[in-house]
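In this document, chain identifiers A, B, C, D and E correspond to the written order of the chains, with residue numbering beginning at 1 in each.
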Amino acid sequence: MKTILPLLKRIAYSLMLLLAVIVLNFVLVHLAPGDAVTAMVGDMGGATPELIAELRVEYGLDQNLPTQLFKYIAKMVRGDLGISFTHNLPVIDLILEHLPATILLVMTAFFMAILIGTVLGIIAAQRPNSLFNHLITVISLSGYAAPVFWTGLMLLISFSYYFPIFPSFGMETVGFRGTFLEKTFDVLKHLVLPAVTLASIYVAVYSRLARASMLDVLGSDYIRTARSKGLSEKVVVYKHALKNALLPVVTMAGLQFAQLIAGAVVVETVFSWPGIGQLAFNSILRRDQPLLLGILFLSTIMVVVTNLITDFTYRILDPRIK
Amino acid sequence: TPGFAGPKRGGDYIIPVVQFPPHFNAAIKSGSELATPASRIFVALVQINENWEPEPYLAKSWEISPDGLTYTFHLLEGTTFHDGKPVTSKDVAFSLETTKKNHPFGPYMFGAVDRVETPDKYTAVIKLKQPHPALMIALSMPLMPILPEHVYGEAQGPIRKNPANIMAIGSGAFKVAEYNAGKSYILERFDNFLRPGQPYFDRFIGKKIGSPSSALIAVSRGEIHHLVVGDPRMLAKLKKEKNLFVISRSTSGVGSVNYIEFNLRKEYIKDKRVRQAIAYALDLDFVIQKLHQGMTHRSTGPIHSSSPFYSDQVNQYEYNLEKANQLLDEAGYKRGADGMRFSLDLTYMPVPVIEHEHKMIAEYMKPQLKKIGINIILKAPADFMNWYSTLAKWEHDMSTSNIFMWGDPVIGVHRLFMSTNIKHRVWTNTAGYANKEVDKLLNAAAVERDIEKRKALYAEFQKIIAEDLPLYFTIEDVFHYGFNKELMNIGWEIWGPGYESMYWKNGQAP
Amino acid sequence: MRQEPLLQVKGLCVEFATRKGNVQVLNHLDLHLDPGEALGIVGESGCGKSMMALSIMRLIPAPPGNISAGQILLNNSDLLQLNEKQMQDVRGNEISMIFQEPMTSLNPVFSIGMQVSENIRRHQSATRAVAREKTIQMLKAVGIPVPELRIKQYPHELSGGMRQRVMIAMALSCQPSVLIADEPTTALDVTIQAQIFDLLKQIQQDMNTSIILITHDMSVIAEFADRVAVMYAGSKVEEGLVRDIIDNPHHPYTQGLIRCVPFLKKDPGTEREELNEIPGVVPDMRLIGSECSFAPRCRYVMDHCHEKKPPEVQIGKKHHAFCWYLEEGK
Amino acid sequence: MNSQPVLKVENLRTHFKLSKPHPFAEAPIVYALDGVSFEIKRGKTFGLVGESGCGKSTTALSVLRLVEPTSGSVKLKGTDICQLTRKELRHSRRFMQIIFQDPYSSMNPRTTAGEIIRSPLKILKIGTPQEQNDRVEELIKLVGLRPEQRNLYPHQFSGGQRQRICVARALAPNPDFIVCDEPVSALDVAIQAQILNLLMRLQREFSLTYLFISHDMAVIQHVCDHIAVMYLGKIVEKTNRRSLFLNVKHPYTKALLSAVPTTDIKTKRSSAPLKGDVPSPMNPPSGCRFHTRCHLAEACCFEEDPRLREILPDHWVACHLA
Amino acid sequence: MSNTTNVTSMEVEYRPDRPLVEIWRMFFANKAAVFGLVLWTLIIFTAFLGPVIYSTDPFDLVGAPMEPPGEEFLLGTDYLGRDILAGIIHGASVTLAIGFSATIFTVIIGVTIGVLAGYYGGWVDTVLMRVTEFFQVLPALLFAMVLVSLFTASLYLIVLAIAVVTWTGIARLTRAEFMKIKEREFVLAERAMGARNTRIIWKVILPNALPPLIVTMALGVGVAILFEAALSFLGLGDPNAYSWGYMIGSSREYIWDSWWAVTFPGFAIFLTVLGISLIGDGLNDALNPKLREL
């Protein structure tokens, strides 16, 4: 009971947050000039007024905003996110179809960034004033300072055009026929450049953070205690210090995840990665309201869920939180 | 096209898809992204060859009554849909009705059709209320696909919601095997296609590609098998690729022309001299030769130069800054202290793939019009809706735009100029142009069956437009197709390449 | 009759490199510890008590710290000659240490059972189960009730006194011959402090462990230690048996230190009195040269106090001090 | 002698409400201070002694209304502090000041010593800038610093010097009453003597009234005229100095006294006087709060809360058995 | 480690400490930070004096399109024939202006909310933190894209959008610092002296909270520049403002023919953000009293 109640509280609160996000997005999207039907018919190359009126009714755009909002939420509760204007498919199907690609990309980049960042940070922390430390600072900051699309384009030119090692776009070779293993390898090959690009921004964040918190932890009393027990430096650093130093990294990682998803928009555009980011970008450009709302909703859910996971991880790592 | 040993079957053909089609039903939606796959999946009654002549397709022959009001089509026998059901004249009638009702151009294409009669299974008779010279074009793919009534008919519910819009059933050379929304679609060969032997590819695959630059890499690596670059900049790159050969054509059927639209209600702009000054201040030769590297054409008016109704006997506004300045001075707009006369908003159509025709020209106009003292404020529409609503509300000063002729001026051109068509909708007469004479000319041209007389009417119309300049027509785009060298027998229609006759030299993709 | 000392510190010098120059935090320090003995070290904050303790453990943070000279002999072998690996075998095994801050000296993210048994497993290559048994036994020995349950708890779930007990259990888990307690009770309440000292005393008897107790509180020393060394600014100024030092302090600093402490009296009387004070503050260690570092605050200061290091003056059998004034007065 | 007390505290309670662990829970309450009464005469020092967490600092802060007391009254020279409006309260601040335990953290690290001493004058708008300046100079000399030191920052002083600055600051507006919350427990013994002497000297000179808080019995014994022993938010014994040490009545006070190590080798304690830890003030034990650690506890101690009774003249004890 | 409050200081040293000098010394000892500073000196110089020295209007079509870097055009021309060098020079001020104004906005929103939440606590904190969390779960870039695309892009809108999606970091930081410093005894001491809330907030707590805030603000400028670049790249920039982001965004399709048109502005952004990040990093260390002791 004691552990479940706070969790329930968090979940209830998250649901309210979600609702607020939905309302804001909905109002925002509907307040903007123009409505979806005009975009739709524009896309068709023009249409008769009758068709436009008909479409308005069909998509419920003839009702007033509160009614539309209410209906939208009512439908959403039932898991129905509406029909995409441009794709003419249920939004939920579209999202579910593009989601795996984004998750693959984002997760790979996420763990790549955390792993590389933390390792670099720890190494730098052990030699705080060395040349190596400065080198790490500059290298990791470089990844952060370069606009991500620029990094992407430069990588693309280098490793896909001048030295064609990696494929230039997409997630897999379409129509590729092969064993499961070959297919996996095919996907991995496509994954390298986008993942490296996306990760490059965040390596700096994590390495700086890991370095700072590791420096902090290494100076703490309990590390001296661990040393006084005769533990080897390896055990001291990687067992006693690391677990503590990871706490801020975990927090940051949780917070950053939201931005990582958004960052995927740019990377997916550069590499034609068939994920949510591209879907989102297109839905923005073509004012596909149901799809856009659905994606915003989904990314909020993902963020909220990651926050819950972060919370949970934090609880595992830090017994002080109960 | 080289190659002696007859066509070989086999292999996949992969095309890049820039805008992913939401479905394949060409009867309820227009657009080039849909046209390519839909033309593979569905057949039409006729095909229009490069000389604008109708050729048999589903219809093996036809007769036209002398008064031009009755068209009788004789269908090929034994043709079936992908689901094995036979194609009959009932399906033709159903398809025409459906298209008329649901297609955005339905009224323009088939407004003149009174009814379709089906005296027997293989004869379809189209009765017109008035002569309609553009009918044959409207009956070709992708404008009117032959749909199976048993799949798309009323009995199956509203057509817009029909699942077969995606898993489409037609009688074309390929049938739908896979559709991964936003990513790819795979079409497989239909063995019972009405042209024996064809098609030759095993599969016809469309694959979504986000940006032209990645498409370029992809085609050079053979990951896709052709690339259409609307953007002439990429042409040089394309030509450098060893495994490609390049064909440059304007898609005459679509007949895309670009223009600058003036909102005739706005101050300054409502003055014809200002519009003409702007036209004189733009160096279209520079645009075409330098910015587009000579890969687009000069457009002189609303009718595409490949059309039989095209006329170049109009004022062509040769680049002349002096004249432009003089016109503005005459109009009474003096330069201020900063050398500027007045400011104008300029918006442009946000179409990522053909930026050079819109954004680039808008960007070009900014420094160029500064030279004659007009300060241009670019209004970048973030999305299509923004642009659409700006124009539909008549809030723009100027905008770039383009329009497709869709085979015949009646379908694509009239709507821009008729004073009866001043509407709060894009690609109507949003400029607010009202000229009785133009109305009269266009109304006459719509029903004129004598091609020479019709030509004359349109020639006069083009001349007036160039003088009045409600829209200033700038360029026509040319499409450059980079095809894989191992492709054989590329056929052409007015709508683009015909993939049914194409095959791989070695019977498989390289 | 005189035994070999268990631990000997000879001429220990420790330096710290700072941006403002080198600081000599320990200046030729000599100490010895006999088996089973409790040696007290007193001195003001910053005089180098902890540095002395950490040098014995060889845990001086290096850089910036550095043991620049001296010997630390444990059973006659010099700890400073050992390599890091060998030193790790000494730490927590032959010499253990408990620290000032029980609140922060335990790792917050590991259970206390794990932290205690880790030491046992490290040095006695015990299995997990054996180490657990031993841990429970140790926790029981330091007076933690129901240790079977406590081993699963985390430091934040324990009070300060309990944590310090855990620290002691950890330090003693491998029966070290020397236990260094660096101000083990300054952060605790008096009643808890009393409990901890009782515990230490009892353990010292049971295990025959020698203890170095570091504190700044004379009364604690008086109660706990057998012998005491008084430190000032990195040097030892006086050393002797507890009674000798408290009843008969010789060095001016020791005298001042003892007089300025308000001792609890049975009958305080009605009037309040002023305390004796030592004027001035502890000097900046960077500025200490070869002179007597207490000279600026000393009321008996003489000219050569500022010039030369004071000599060792033998006062009693086990009682000596370093002072020019005493030297003169002999 | 003026018999009118400078400070009269009656039945003061301060409870802290903590945040709810979940929406349906009751907010836990910390009974930090639970009914405390005492008074201090002009020029006297009243000592509060007790273990950590017993509510000493809370008393100090409540008396100055730096935390809002839950109930009770604090009369400073007759006016009830608890009833004042914020403006009146601000005005009366010049009569009461406080010195904290940690001199370093009680000074703004970004201001110089002179600024720090001057700040109460500035805040309370006492005197012209020139007068303020002179006053600062005077105070600096008074507490034994050198005038040129006024331009140094807190971190450039030693602990004792810092506490001198704090004393000077407290004296600046000429208060009658100063709360000293463990003013010497962060200092070395040698320095502690200096500060205690300074405080006593100033008290004589300006006839100041002190509320002196410490956990060190010896210090308390040394500086206070009256002493109250606190346990878990309540005063258990309250009397003058002599009586407390000669006639100690409450078992807790006895334990506290015998826990203090002495240099007197003959009276060495035999064993620790108290077992166990202080209970949590969140749910204090029923009846006499000390019964959980009291070896004399009887049945009535478990049930009834003992009142403070005057057992001897001016000697108050809260114990059923005294 | 030994208690820093006990670090002794000698009575003979009466040199008043000059914190700024000390910070500068620390900062200067950090080679990477100095490199960042040099970069920024150059960039600021370019932004202010560049347009005077090199006055070519970046919008003007001065040469043939896609002229590679060479004698006539040092950095080449773009697809319209606009001078890349002129763009880099004139774009500097635009880019910096966007970076700074967005940061100012961000700071105004973030600090206000952080101060109120951190200082007053209680329900104020609860409410404000809920609002903050609300903005935090919105994916920043995506939300900025939505904002900009719904209404026609202009510099103001872009700056506003960046501020709206980035203020939460500053707010949280300010709040955390305030909560931390609020508990320090010198704040209690101020209250004991009768100081008003306004004084405590602005004169007492804020100056002490500044170091991490300054660092975050410095980094914020970089973040804002990157945001604007990303928006421009996605075609959501303001075409009347010649920023580096705009240069990349408009030239990106021509990257295969004129790598210079994308590479140079990208590199300029890279150097700018790298510079300010290094400066921020250096400041972070220099302002950290823990490290200064050494």
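By definition in this document, a contact is a pair of C-beta atoms (placed from the backbone, for glycine too) under 8 Å apart; a residue touches a chain by one contact, two chains touch by 3 or more.
Quick caveat: nothing in here was measured; it's all calculated off a predicted structure.
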Check your understanding: Which chains are shared contacts of subunit A and subunit B?
Key -> E
Practice item. Look at the interfaces B-E and C-D and say which one is made up of more C-beta pairs in contact. Key: C-D
Check your understanding: Distance from the CA centroid of subunit B to that of subunit D, rounded to the nearest Å?
Key -> 89
Revision key, fill the gap. Distance in whole angstrom between the CA centres of subunit A and subunit D is 54
Practice item. Find every residue in subunit E that makes contact with two or more other chains and list them. Key: 1, 6-9, 13, 149-151, 235, 252, 255-256
Review point. So which bits of subunit A are touching at least two other chains?
Key: 32-33, 161, 269, 284-285, 287
Practice item. Mark out which residues of subunit B touch at least two other chains, giving numbers and ranges. Key: 211, 213, 350, 352, 382-383, 386, 390
Point to revise | Residue ranges of subunit A touching subunit E (in the complex, touch as defined) | key: 17, 20-21, 24-25, 28-29, 31-33, 134, 137-138, 141-142, 144-150, 153-154, 157, 161, 204, 208, 219, 255, 258-259, 261-263, 265-266, 269, 280-281, 284-285, 287, 292, 295-296, 299-300, 303-304, 307
Practice item. Could you pull out which subunit D residues touch subunit E in their complex? Key: 61, 64, 66, 89-91, 93-94, 96-98, 100-102, 104-110, 112, 119-120, 123-124, 148-149, 151-153, 155-159, 166, 169, 173, 186
Review point. In their complex, what parts of subunit B are in touch with subunit A?
Key: 12, 14, 20, 22-23, 29-31, 102, 104-107, 160, 165-166, 180-184, 186, 203, 205, 207-211, 213-215, 217-218, 221, 223, 350, 352, 382-386, 388-390, 392, 404, 415, 423, 425-428
Review point. Which residues of subunit B touch subunit E in the complex?
Key: 211-213, 216, 231, 233-234, 236-237, 290-291, 350, 352, 355-356, 359-360, 362-364, 366-368, 370, 377-383, 386, 390
Revision key, fill the gap. Counting only contacts in the complex, subunit D reaches subunit C at residues 51-52, 158-161, 188-194, 196-197, 200, 215-219, 221-223, 225, 241-242, 245-246, 255-257, 259-265, 268-269, 271-275, 277-278
